[in-house]
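As structure tokens, here come the structures.
Each of the next two complexes has chain A plus one more chain, namely chain B in the first and chain C in the second.
For the complex of A and B:
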């Protein structure tokens, strides 16, 4: 399969515009920022620690935002019959996916950086290389999950219905890990759980990259790519 | 201009689970030719377009576009074809101009072509309008503009003027003819017989997935002109229809000699009548 930089750049510009103008996609990153701000202002500082606020914001942005940024635009393109137009205008699946994923990833990275000062965390407290790698990887996994949802959805409503339980599982499991040991164990094997543990440890104790966290994120990355490739090979992006 | 075969279809069939959409159809289209595919809804017109544009695989038979089997159509071929279907999508949140700008990048076309094509389809004044706010006719013109932006060698038009007002139809017909004159091979599906008669160089009448008649519109009409009748208007305002016979010839001669004849028209059947005669059903 040939890749054309010209076509990828055209898709990238198109996707950037459609992400910015689509409220249903922008809702997750905006809510992440909004909720963190509101909780920081309205709740007691003893409860709303920087670690909690940042974990909450990153979870909302990378997990919820990522899945929505993957599934909704793909479903919207199918619903409005524009994906078929692109595919019959010389764009191939790989060019479409690469051109679509870059603006979503950039948006996730940008919001994850903005969230640090908004959560009241000192910039110096962040282990930036690991923070950026982990949160970007989790965003990438979420976008891949979103694309898989998008492949199986005919329209945005269906994408919403399919992605809702997935969103809940990945965002709620790490949140409930404090109340139950079994949930905590399960969460540590979920990519969202790894992110939460990393942020908490980085801000409350100290964190150094360990085998388990790297393995969990790597396995999720590979797994999401493989499932995506399977779904794409079997159904295409917009199969008849 | 030498006409090259751009579309070739041989014994093509398409079977869905409970239904046969196409039955052993064959035809070919040359460059600089408008080929009309006529039939009622559900006759198999859209299925044919989907197969020819590589969006669907045939159950049997062979089809090629620009020499490439349709099952192997790739980006290189898509760069040389344009497709307009009745549900072709546009980017509702982008302006008319931006909608085309994306495709100039994708298809490697100069941006100056946008204004040129917008003028041709009568959308130049509306180029800054948000596409979502366009009327149905304007949307259809935008879709057509996008499909011809790169001067395609082959253009697929699936009911391009369906639901459009007469003046828009005329504009679109003019554009289609100019593309044909520049060498584009055009595959046009329609159930509008008048449109087919005006536009197409050759036609195939499709019924229940089968081609039931083929030829130029004139050939088809004349082949089915069995009654050979003439409609006559005389100076005294009398109007009547006569069948061809020795007696009719003599009468016409007499009226002409005596300067009595105002108009005379042959009454060959319309394409619609032919379709009804061949298939026993009307075009809906």
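For the complex of A and C:
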């Protein structure tokens, strides 16, 4: 499959605009920033620690935002029959995917960085390389999940319906962890669980990259890519 | 020189035929129109472009620069016309100038307008412009005139003319004969049993000379039924016709699922078509004997003829005509 930088950059510009102008997608990063800000101002400091605020914001942004940025634009293109026009205009699936992932990832990284000062965490307390790698990877996994949802849905409404339960499960991970030890244990194997543990440990104790976290994230990444490739080769982007 | 030549191309899907027996040569600068149902247009386009594999037959492509547009293709509504076209200019890596050609597509005044504010007429021309930017040798377009206003049709035809002048061959498909008559010179009809059949179309001479003598030179064995649609007259071979039905004292030629009003009366048609194996089975029906597949008697005094084809059209047959019919078909 030939990849043309020219076409990818054309798609990239197109997608950047469609993400920024789509209110239902932008709601995730904006909510992440907004909620963190409101909770920090309105709630007592003892409950709203920096660790809680930051992990809350990152979950919202990377997971909810990622899944939405993957599924909605793809479903929208299918719904409005514009994807077919691109595909018959010599753009291939890989170019489309690469061109669409880049702006989404950049957006997630940017918001994850902004969230640190907003949550009131000192810049020096963040282990930046690991923070960026972990949060970006979880954003990537979410986007992949979003694409899988997008492949199986015909329009934005359906994409919303399918992604909502997935989205809730992963964003609510910290609440599940509070229920009891067993569930907390299970949740630590979810990629969202890893992110929360990492942020908590980094800000309260000290964190060093351990085998379990790396393995969990790697397996999720590989698995999401494999499922995506399976869905893509079976149905194509446009499963009419 | 043929850009595309297809020989008995057939596409099967889950045991059903999507397309059957397509034999078609698309010559450079030809103006072909194909009448076919919308459901299979996408398959045909995909096959011609080479993104859908065929089940049997053969297809040779002189060029791979083929672009197609379907009737419900979408545009990026939040983009302005210019921005949208620039996006595709970049994708196609095209050196076609946008600003120089806007006038040809009658889009000069809306260059900076957002696409969602355009009328349907204008959107269709933006789509055509987008395909023009690709500098493809062959364009395949589905029903571009459907739901357009009269002005929209006029401007679209003007743009089509311009595209054709710049050396691009365009093939149109539509479910409506009228639309194809406006867009193309060479018209084929798709029949799901026999494949593509060419329809003879003759352009109406602009100066009408009524010369009655010409009628006398018409050989009896070479009769064609004339039907007038828009400003063109279509001629059907008698063997294409399933039957003729008189509705409100107009004789309607029935071919497949379509009716074409004829200029002649039932009596005139009966006289002319008798020698081609047509029989007046009822006061308002003239049937092509070759199309009869069954004869059913529901009661002692009435008979029903069932015709070949997917619709299994039923025609009444009066008892008095029964014997003559039996003799005619030798049953």
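One rule holds for everything that comes next: the second predicted complex is superposed on the first by the 240 of 240 C-alpha atoms of A that agree within 3 Å, B and C clash if a C-alpha of one lies under 4 Å from a C-alpha of the other, contacts with A are read in each partner's own complex, and residues count from 1 in each chain.
The rule is simple: a residue touches a chain if its C-beta (ideal position, glycine included) is under 8 Å from a C-beta of that chain, and two chains touch if they have at least 3 such contacts.
Computed from a prediction, not measured in an experiment: that's the story for all the values here.
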Sharing chain A, do chain B and chain C clash or fit in the superposition?
-> clash
Hey, is it chain B or chain C that touches more of chain A?
-> B
A:196 contacts which: chain B (first), chain C (second), both, neither?
-> neither
Which of the two partners, first being chain B and second being chain C, lies in contact with A:7: first, second, both, or neither?
-> both
Touching partner for A:81 - first (chain B), second (chain C), both, neither | both
Which partner does A:92 contact after superposing on A: first (chain B), second (chain C), both, neither?
-> first
Does the superposition put A:145 against chain B (first), chain C (second), both, or neither?
-> neither
Jot down the residues of chain A that show up as touching in both complexes, chain B in one and chain C in the other.
-> 6-7, 9-11, 13-14, 17-18, 21, 80-82, 84-86, 88-91
Any idea which chain A residues touch chain B in the complex?
-> 2, 4, 6-7, 9-11, 13-14, 17-18, 21-22, 77, 80-86, 88-92, 240
Seen from chain A, its contact residues with chain C in the complex are 6-7, 9-11, 13-14, 17-18, 21, 80-82, 84-86, 88-91
Residue numbers on chain B that touch chain A, as the complex places them | 50, 53-56, 75-76, 78-79, 81, 83, 87-94, 98, 102-103, 105-108, 146
Listed in rising order, chain C residues that touch chain A in their complex are 49, 51, 67-70, 72-78, 87-88, 90-93, 130, 134
